[in-house]
Amino acid sequence: MTIALRLFEKLIGFFGILFGLVIGLIIALICIDVALRDFGLGSLPWLIELSEYLMYAGTFLAAPWVLRQGNHVRVDMLFVALPKRLAVRLEQLVDLVGLGISLVLLYYGSAVVSDAWRNNMVAYKTWYVPEWLLFLAIPVSALMLAIEFTLRFMRVQSVVRDSYDVTDRATL
Amino acid sequence: MAWPAALALMLGLVCLVMLIGLPVAFAFFLTNIVGAIVFLGGENGIMSFIRGSMASIANFNLAPVPLFLVMGDILLRSGMAFRAIDAIDRLILAVPGRLSVVAVSGGTIFSALSGSTIATTAMLGQSLLPEMLRRGYHPSMAMGPIMAIGGVDMLIPPSALTVLLATLASSVSRDKVSVSDLLIAGIIPGLIMSVCFLIWIVVRCWMRPDLAPRDEASKAPMTLVERWRPFFIDVVPLSFIFIVVMGSMFMGWASPTDSAALGCLATVALALCYRALTWKVLFESLKSTAAVTTMIFFIIAASTTFAQILAFSGATDGALAEIAKYEFTPLIAVFVMIAILLVLGCFMDQISMMLLTFPFFMPLANALNMDLVWLGVILLISLQIGLLTPPFGLLLFVMKGVAPPEITMRQVWAAAFPYTVIVFGVLMLVVFVPSVATLLTGAMR
Amino acid sequence: QEVVLKGVAAFQEGSIYAQKFEQYIKAVNEKGKGQIRIQYLGGAPKVMPLFDVGKNLKDGVIDIVTTSSAYYGNVLPEAEAMKLIEVPMSELRSNGGLAFLNKLHVEKANTEFLARFYNYERAHIFLNKEIAKPDFSGLKIRVTPMYRPMVEKLGGTGINSTPPEVYTMLERNTVDGYGWATRGIFDYSWQKVTKFRVDPGFYHPDITLLANHDTWTKKLNDAQRKLLLDLAMEIEASTADVALIEAERKKQEEAGIKAIRFAPADEQRYVKEAREAGWAVVNKISPENGPKLRGYFTKE
């Protein structure tokens, strides 16, 4: 079990780092495109399309990593105001709601993927990209989010007796 | 469903789940699921909104956001920013509240290099705050100017938030908001704001010397060369970055997105010249940019669809027709918008606010033929005030994060308050003297 | 009782290319009072992403839309060919072409093709540099997918960018021109930074009226279908656009945009290269249906 948890942590961390590297790649490609254009050597016609897909997929796939770090913005008024025991319960409620949302995204996200697969849907700008491949990032992200929300729920439970510090999971 | 009910359902639900502490992006996702079932017709509707989440962030107009974040992060992590602050520190002599003045003037310079308010506030907080507190500055005089400068950073280009505002506003507006115009328009209000902060600091510390102990005696006297050399070595070359970003955009080599990428390249090149760039610095900068970008884009993915479902349900048009009945003058309409943003700003982040309100604001502005550059600057400053107002203020949190543990949230709020009032004053100036915002863009044409 | 259809435009409400749909809705709601009503929800991207309009129509999230074939290639790849329709709609309706096109729409996109609203638009290349021959060598031209193959075929460099960036790019000579339809450049103020329009136009950008197939066959009765079709045909048959487009060309001239004309032989080659570039893409997408469609769509 601990090995599985370790691997999961590595996996979501991998997607976070990957997104960082992808942003670096986009910067490099845009600079190359500007240089090519201004020296009259052509351009990278697929650059906009590629960047758009990467920004989208990167965001969804890195979202579980950001959740792990507690970096998704949220309003923590109620947590601060409530007594600690209640705050912990509220935290668990939030994690359960998050789990439910992730499961809906997982189920219907998979439906979107299989629908695009069955109907051979293709996005066409400069490339022909099968849409199922594009949409795949959503259910994959949702699955990881569902796992992470479950882990958060259990983590809160296991520290209820200790001095659980709500602020360590605050906004930003 | 009649539009008031639709509006109440969508807005009510999203606010409720936000308040119980669900991360903002998930609050929008939850509301979208409910909205899709009710208005888009069940399962096909849910699938439709999920597809739409991709379309809302697979949008090249958003590309400058991560790029501007990278610039600020590299400056911060390579230590270049700290050295620049140190150089400015040597230049500013015996004024009341000297280090606070250093924070504001150094922060203003840094604003022209960094596109991220978070990076700027964190940088100043890490470099100057410990020193100020050690020398016995009152926490309000130490933290206030640092948080305030975040707002200046947002107005002076490059600015990730300005790009977001122009993009999100254009997507719901008949007349488009030019990214480059809005970037330029922020410069004068930003500088005015910075000057107002300086005046406030000096006057306040002159009247109450206990807020900021005079420290020049503790420093060994420096020769003119010692005093100015670091400025020319560590500050002046940084203007290269600003010149690349603004120059490439206005000399015609590059679109706003291109210029952001070139700005990153210039930052990397400069860091190499200073021998301040390591793989680790680059890697950590990209990683932290990825985290902040994900946070921002995930909200946009969820809330763009939210706005679309709201429009689909008829709530947007219904509410707009209702507002139209009041026959607002542009000035009153602007005040209504400001008031709404100030109230929401207490509870919400800037991106959610833009996405919630712009579907109503922009058509109204179009109908009243408002100058969108002027309005853009007003909205930008109103949003910025939200960064400083409790309980939910991004810069308050950043400050709390870098401040010593004994500083309480209440002290952070109190420190930000006078600067919030000054920012509001500048906002009123822009409202009543529009040329403050439109002067430069007019001159560019 | 009254049937209510959800209607969406792929264009911003009130814009040129949404106007006929809006006029159509008004007519349907007047004449069909009591039996049918179109509830106009608005345009993309206000109510949904532009490229999802076709899919949402297919899935029945909405019932009736106006859109362009450029926006629903993901549900009907062959839509790519519709800008290459050169024969008049009346002929397409009689030569079996429309029946074939509609069959593709029904089978692949669960969509009924009702009418084509805009018939006289042409695609143009607008430039800031004068050229004497149909040769774009050395020119950087901002394109959408529709224009890229022909621009590249004629030796130019196709540049992608989003419409809000185009003005700045033209103003600062980041690009030398762009591809756009006859009408619409005033919406973006591009006339201020444009010097030439290459004539003649090529492709026939299409803007059509489509309905969900299930809605069409199951939700509506004969009388309702007839009403919807009759009113749509009125708009399709109208030639009012011819004068409007002529007026637009005048307006461009007054704004200082000069027309570039080639020698007759070059002119023919220009249109032919564009046409061939277009069909090459269609044949790649659908080797089976491409040649069939070309038989119906052109007189060669």
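Miscellaneous remarks
When the chains are written out, they are named A, B and C in that same order, and each has its own residue count from 1.
What we mean here is this: a residue touches a chain if its C-beta (ideal position, glycine included) is under 8 Å from a C-beta of that chain, and two chains touch if they have at least 3 such contacts.
What you see is a predicted model; the values in this text were computed from it and never measured.
Taking each chain's centre as the mean of its CA atoms, C is the chain most distant from chain A. Here the largest set of C-beta contact pairs joins the chains A-B.
Between the CA-based centres of chain A and chain B the separation comes to 23 Å, rounded to the whole angstrom. Chain B and chain C have centres, each the mean of its CA atoms, that are 40 Å apart. For the pair chain A and chain C, the distance between C-alpha centroids works out to 37 Å.
For chain A, the set of residues that touch two or more other chains comprises 48. Each of residues 51, 55, 161-162, 174 in chain C touches at least two other chains.
Across the assembly, chain B contributes residues 47, 51, 60, 253-254, 257 that each touch 2 or more other chains.
For chain B in complex with chain C, the residues that touch the partner chain are 40-41, 44-45, 47-48, 51-52, 55-56, 60-61, 166-167, 170-172, 174, 176, 178-180, 249-257, 308, 311-312, 314, 316-317, 359. Put simply, chain C touches chain B in their complex at residues 12, 14, 41-42, 45-52, 55-56, 59-61, 161-162, 164-165, 167-169, 171-174, 188. On chain C, the positions that touch chain A within their shared complex are 51, 55, 73-75, 77, 80, 108, 138, 140, 145, 148, 157-162, 174, 285. The touching residues of chain A, counted against chain C in their complex, run 37, 40, 42-43, 45, 47-49, 119, 121-126, 131.
Chain B makes touch with chain A in their complex at residues 17-26, 29-30, 33, 43, 46-47, 50-51, 53-54, 57-60, 62-63, 66-67, 70, 118, 248, 253-254, 257-258, 261-262, 264-265, 282-283, 286-295, 297-299, 301, 347-349, 391-392, 394, 397-398, 401.
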